[in-house]
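Consider the two complexes below, in which subunit A is the common component and subunit B and subunit C are the respective partners.
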Partner chain A sequence: MKKSKNNLKEPFVRIVKRDNIKVQQVILIYVLAIICGLLLSSLISVMFSQKGLDDFFKSLFTGALGSERKIWLLLQDTALLLGTSMALLPAFKMKFWNLGGNGQILVGCLAAIACMFYLGGKVDDSIIILLMLIASIAAGAIWAVIPAIFRAKFNTNESLFTLMMNYIAQGLVSLCITIWVKSGSGVLVPIPYGNIPDIGNKYLLPIILFIVITILMHIYLRSSKHGYEISVVGESINTAKYVGIKVDKVIIRTMILSGAIAGLVGFVLAGSVNHTISTASANNMGFTGIMATWLASFNPLIIILTSFFITFISKGMVEVRKTFMFTNDSISNIVVGIVYFAVIICSFFINYKLVFRKKEKEEIKK
Partner chain B sequence: MTVTFLISAIAIGTVLLFGCIGETITEKAGHLNLGIPGIMCTGTVGGCLFVSLYMNSLEVVENASWIMLILSSLFGAFLFASLTGGIYAVMTITFRCNQNITGLAITIFGNGLTQFLMHSYVDKSNFSTAGKIISKCLPFAENSDGIVKVLFGHGFYVYLAIIIALITTFIFNRTKVGLNLRAIGENTATADAMGVNITLYKYVAILLGSGIAGFGGVFYIMDYVKGSWENASTIEAFGWLAIALVIFTLWKPNISIIGSYLFGALYIAAFAFGNISFTGREVLKMLPYVITIIVLIITSMMNKKENQPPAALGLSYFREDR
Partner chain C sequence: MEKTVILQLKNITKKFGTKVIANNNVSLDVYKGEILSILGENGCGKTTLMNMVAGIYYPDSGKILINGEEVIIRSPRDAFDHKIGMIHQHFKLIDIFSAAQNVALGVEGEKFNLKEVNNRIKEMAKKYGFNINLDKKIYEMSVSEKQTVEILKVLYRGADILILDEPTAVLTPQEIRSLFKVLRAMRDDGKSIIIITHKLNEVMEISDRVAVLRKGDHIATVNTSETTEKELTEMMVGEKVDLNINRTEPVDSKLRLSVSGLTVKSPDGYNVVDNVSFEAFGGEILGIAGIAGSGQKELLEAIAGLNNYESGSLIYYHPKKGKPVSFFHKTYKRVMELARENSFMDVNGNDVDFSKLSKKEIKELVSSEKIIFKEDEVIDLKDKSPREIRELGIRLSFVPEDRLGMGLVGNMDIVDNMMLRSYRKGKSMFLDKKRPQDLADKIISDLKVNTPDSHTAVRKLSGGNVQKVLVGREIAAAPAILMTAYPVRGLDINSSYTIYGLLNEQKQKGVSVIFVGEDLDVLMALSDRILVLSGGKVSGIVDARTTTKDEIGLLMAQSNKNEVTE
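Right, the complex of A and B next:
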């Protein structure tokens, strides 16, 4: 740049790839992004109503943490999202775009509800619960392994395949509901049989279950041979082949695991949370789970934080909606979307940095 | 019976066709835009908003002119959809964010925004009148029957979709712009070395593609269901089908005309047969998704070179990378 003989202009700002970044910087970037996202969405909420900015944050916190029951619900939903993320995590580490989390949860839930519906009152509850567990894990695994087989054998696009499986799962659920509910109302009344027993309170068991799964998944991905194979396949399929890893086998095996955990989430939804099913039972966790997993850059322990954060926002937004008197619940989608945007852009600032043009005109003159 | 079935099939097909063309254009530029469902939603609300503004500016709503309604709905849909697409473009092109994640976030955001605005800020009172005017077909086809009705008995949007599909095919295959665009999608670094302005092409492709996709939603609300509004999730489902349709039609907009009508027929098959049981209807509703999967499998098994997705699909481009 010292000689401007080519008359080349240095751009005002250019992008340079970062070599390494400190952990503190990463955390700082994320915190700033979350604050920006929340501020932006609070401003939007304020714009559309007569309330003030402080009301937004006040009701965000009371909505999520306002009472003991709310805290338990927050923890329970965090646990469910955590479970879903654990289901999606091994697939994503393998760069298998499993967008079918919703469907896998739903069929797991459906299988469990079917056990409750047909066996309820005829067999002992403990046997029903055991059958539910087996059925939902199997159903989730089957739902996930079908796209995996085709991906492994024919390289079929897995993201669209799994996406379509969501809709088929929804179709199966509404089909079963029309068969089961004779009145034609389309709503299945909660089934009193096969409910998972309370330990202390009804929220505790799922929370413990999914925390245990998270720890196991952490160990599985970090310290087992399978986990190593998954990360090699994710980095480069060719490398995996040269190392002697059977890529097909890894893809199918990992998706069975992934679907099984999603089925387990369905089991908890059926046996402990809802005791019934609708097409919306998966609560879109298949997609929010992707967000939680990706935001945590595939680290199981950080996923605990991200899924807590996402659940916190969506729970808090329910209260915000009430205080701000928005008549429909879509405002929470807008806010969640904006916060996602803010956090997704973080990946740019972590991988790249902006270099501004320095004032060098004086130098040239010298 | 057959005539009404075909007409509805073409109408639903048109919704999918708009989404499919839009997604094809962005995918040709190497961007897998999973935000299309959300973008179709915001296009809907944009179009509806401008139609309601126009209708409210009139003293007698029945005098609303056809051309103004078409223009205002097109403009609104294009504006809102390409603005939403613009968020996606900035995030994935300039900030090089992961395309799948960004797309999913766009869909969540777009769905929410649409639901919110449609519910509280769009005046829907004159929509049935506006819908009747927008869906007007050529005068000779109005009272006709049979094949004439099927071919000419649609509103303007149906033909617009076909025209856009044909123009897009022409641009892709016969012009330098199309060649450059395809080069970007196949190998961005090579296109860059050729001297193509990568960023400009990508931005234009995504904004244009999103805008076109936005027409789909407003067509569905204004023309097909004549202005009634239930929720955004129907349009979101159309968006996902449109993305699947891109693969089904092998990234070729001219094939997608036929493909989308076929999908449209499958989609309404569940409602077309009046004498079917409830359970049978639920089974039929799953059909389009099952067919999509079968098509996905077949195209992947054929494994022909010209039927593959753009090679650089889903990859962010940074010039200084190796």
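Right, the complex of A and C next:
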């Protein structure tokens, strides 16, 4: 029998599950995590440059909120990310891991640009915009429904399938650009037709649009029969079968919705933001949207906050990169990664707490 | 025998979170060479307490002493160092390894020599009277053989204190008897055996002493010879309980379900349900007995429309006798189809022949409810999905074995779970939450569901309350057939008796109740007839009032042997 002295000590730290945690505590943990993450990343940035900590935070905030235009851009990008998250949300609620947001946005965008390119100047702008809208939504939906059908009928892995569809979409965009751009520069000049008209300013419409979609999605998931079916399928396929829900149908229907909203994001990108397209047009939102959705634990209203936070950090870091004169974006990527990481880790502390071994003194007191 | 204390627990407390106190200041002595039962209802902390001895959990406070010396057990490995071994309820064996390989797996400090291992195990097996083929792979084994391997595994590591968590839950009466023989042999050899259980008759039969736990507290430890089942129950529950199940004679039985030649194939291609035929009548409880995995689950799921079955027929007799034919679920076409299999009469009791009537006349007669079923409506359930079954107005309720994985959605609240069956009603695209809310409130108050409110996720409720929610919902659909699979598994005594009461109530209402159970005493006390399944086949249907446990036990094990030799 082993009998070292060490053997007679209780474990140094134990993990204990929390059963109920107050909302204030949750918020506090998140705020602390964000602060920790930012501090840690600022230290790393400072380590690699001659600037100080204050410069880091100053440029972070000026980058995101430095001018009126910057604020509008921040809001617009938040809205786009919010839209993307709304596309992913119903699929995720169903535990259908749609990693193809990028591709779905991209084909939506491509469909809209195609309308602008071929019809621009030939028919009235309002007709072009209407066609763009229909084409984008249809393209996104088709891109999303293909993996859904395969999953429903042949039980293929949806993560891999949707992911691969991204690359096909990118290839398709490259192909179209090569055909459309005769100069060979590979850059499509912004198309002056089919641009969505401004209301007040050019940023407002997408913002309003995606906030409305968020509210509608909230109602859809919470109060509609479809939303209920999505939850049941997501929680347990067996229960769904037991109550007679047609699982295949729900998967396909939900993915059409998911793709359609992604397509709509593509439509806004084409008609209101870029007026052109490149393989990077989706701005990787298909993946950052996953972050926004998960961080908000699938709550559409909280996604508004997480989208804002993610956009804020990435915008701010662009400015930090400029002031700190980082020549490539590796360091800013590391920094952003650390902040996300801190926020993700803190969900552990929301569910569990650590109990350390009591000090000897305390035990003597007892 | 002179009594030496081998294991002592002193003031052990374990909490989960802040609210759940699994063990509160428990002190307990275990002697060398005794069989001690830890008795208590589900959720009283028996397993938690033993998990702390076996190194799975670490106590929040309190001490564990072995041979009078304080020890710290931080992992199962520490426990083995102190010669403590636990056999868990869910076996932890590697399927594709043989018995001997599993026993030798993970033993440190010796060279792996299968021959040597074999010899040592054989010696042990002989000593204690185990019966086992060491070269057999785990996946070919019955539950009882797997359990034997688990026990050997622990013994091989030199355990002197053996903890068995609910060892009899999955065994037939005959297997239980041979397990007990082995346990007695080990006790006589000086080993200390701790059995975690909630079955009183077994406690009385096997143990020398009984420690009773209730809601985390250690109530008392008594010598088995000086107590009675009744006394133990009162200690367990904390109040007087009436342990009699009131069984009434079936009245006015009508055929509700006729199953013939039903065969269901498993995904692997063998017959999990093999040519099963039986009839179920209204106003009776048909018990289904069998070793776990004998096809009970698949049989019920096939009837409920969840499994596609290979062959056979399922005929449901819809209680329509004397009720008018209506267009409620059916079109004119459907009524004409009905006419092929059913006979109708008019309000005066005269036969009606549809072939003599025009389409218009039929429509008029049906809509004015002047055409009446002469007998119960016959419905073939073949290839009908759960949804179609419901849409045909078939009142078939099903309480599945997997409550949170099939019958309910764990993360949804009680109200949302109430809607599972009925949310589709109505044309609106939005959910009607009013009616499920009312139903949830009714079930909570009628069945005394212990929950903070109707918006608590069912996953957070205790087993008994989860089951009340599920059974309550299924009964609320006013079933003609009520199928229940292991409805009291994991439930405390009071909840179990609530469920028995509900089933009896349904029986008296003329419902045909099908009850798949594992506790033979309960099956024999509650059912009118008992169907015994063995290896997917019906090995017998017996009268529950006259049969014996031995008879059922033999039927349970019957064709199982054939299958193994095949």
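Quick notes on this structure:
Here is the rule we use: the second predicted complex is superposed on the first by the 348 of 366 C-alpha atoms of A that agree within 3 Å, B and C clash if a C-alpha of one lies under 4 Å from a C-alpha of the other, contacts with A are read in each partner's own complex, and residues count from 1 in each chain.
Quick note on the criterion: a contact is a pair of C-beta atoms (placed from the backbone, for glycine too) under 8 Å apart; a residue touches a chain by one contact, two chains touch by 3 or more.
Everything numeric here is computed off the predicted structure, so don't read it as measured data.
With both structures placed on the common chain, the touch criterion links A:K17 to subunit B and to subunit C. When the shared chain is aligned, subunit B comes close enough to touch A:I331, but subunit C does not.
Of the two partner chains, subunit B is the only one touched by A:I290; subunit C is not. Contacts of A:V243 after superposition on the shared chain: subunit C is touched, whereas subunit B is not.
In the superposition on chain A, no contact is made by A:L119 with either subunit B or subunit C. In the superposed pair of complexes, A:L75 makes contact with neither subunit B nor subunit C. When the two complexes are superposed, the chain touching more residues of subunit A, out of subunit B and subunit C, is B.
Counting contacts as defined above, subunit A residues 16-17 meet subunit B in one complex and subunit C in the other.
Those residues of subunit B that touch subunit A in the complex are listed here as 34, 87, 91, 95-98, 100-102, 104-106, 108-116, 119-120, 232, 237, 240, 243-244, 247, 278-279, 282-283, 285-286, 289-290, 292-293, 296-297, 300-301, 303, 309, 318, 320-321. Across the complex, subunit C meets subunit A through its residues 16-20, 58, 70-72, 74, 78, 81-82, 304-306, 385-390, 398, 400, 402, 405-412, 416, 419-421, 423-424, 428-431. Residues of subunit A that touch subunit B in their complex: 15-17, 48, 97, 150, 154-157, 159-161, 163-165, 167-168, 171-172, 174-175, 178-179, 184, 287, 290-291, 294, 326-328, 330-338, 340-341, 344-345, 347-348, 351-352. Note for the complex: subunit A touches subunit C at residues 1-2, 7-11, 14, 16-20, 223-226, 228, 231-232, 235-236, 238-239, 241-246.
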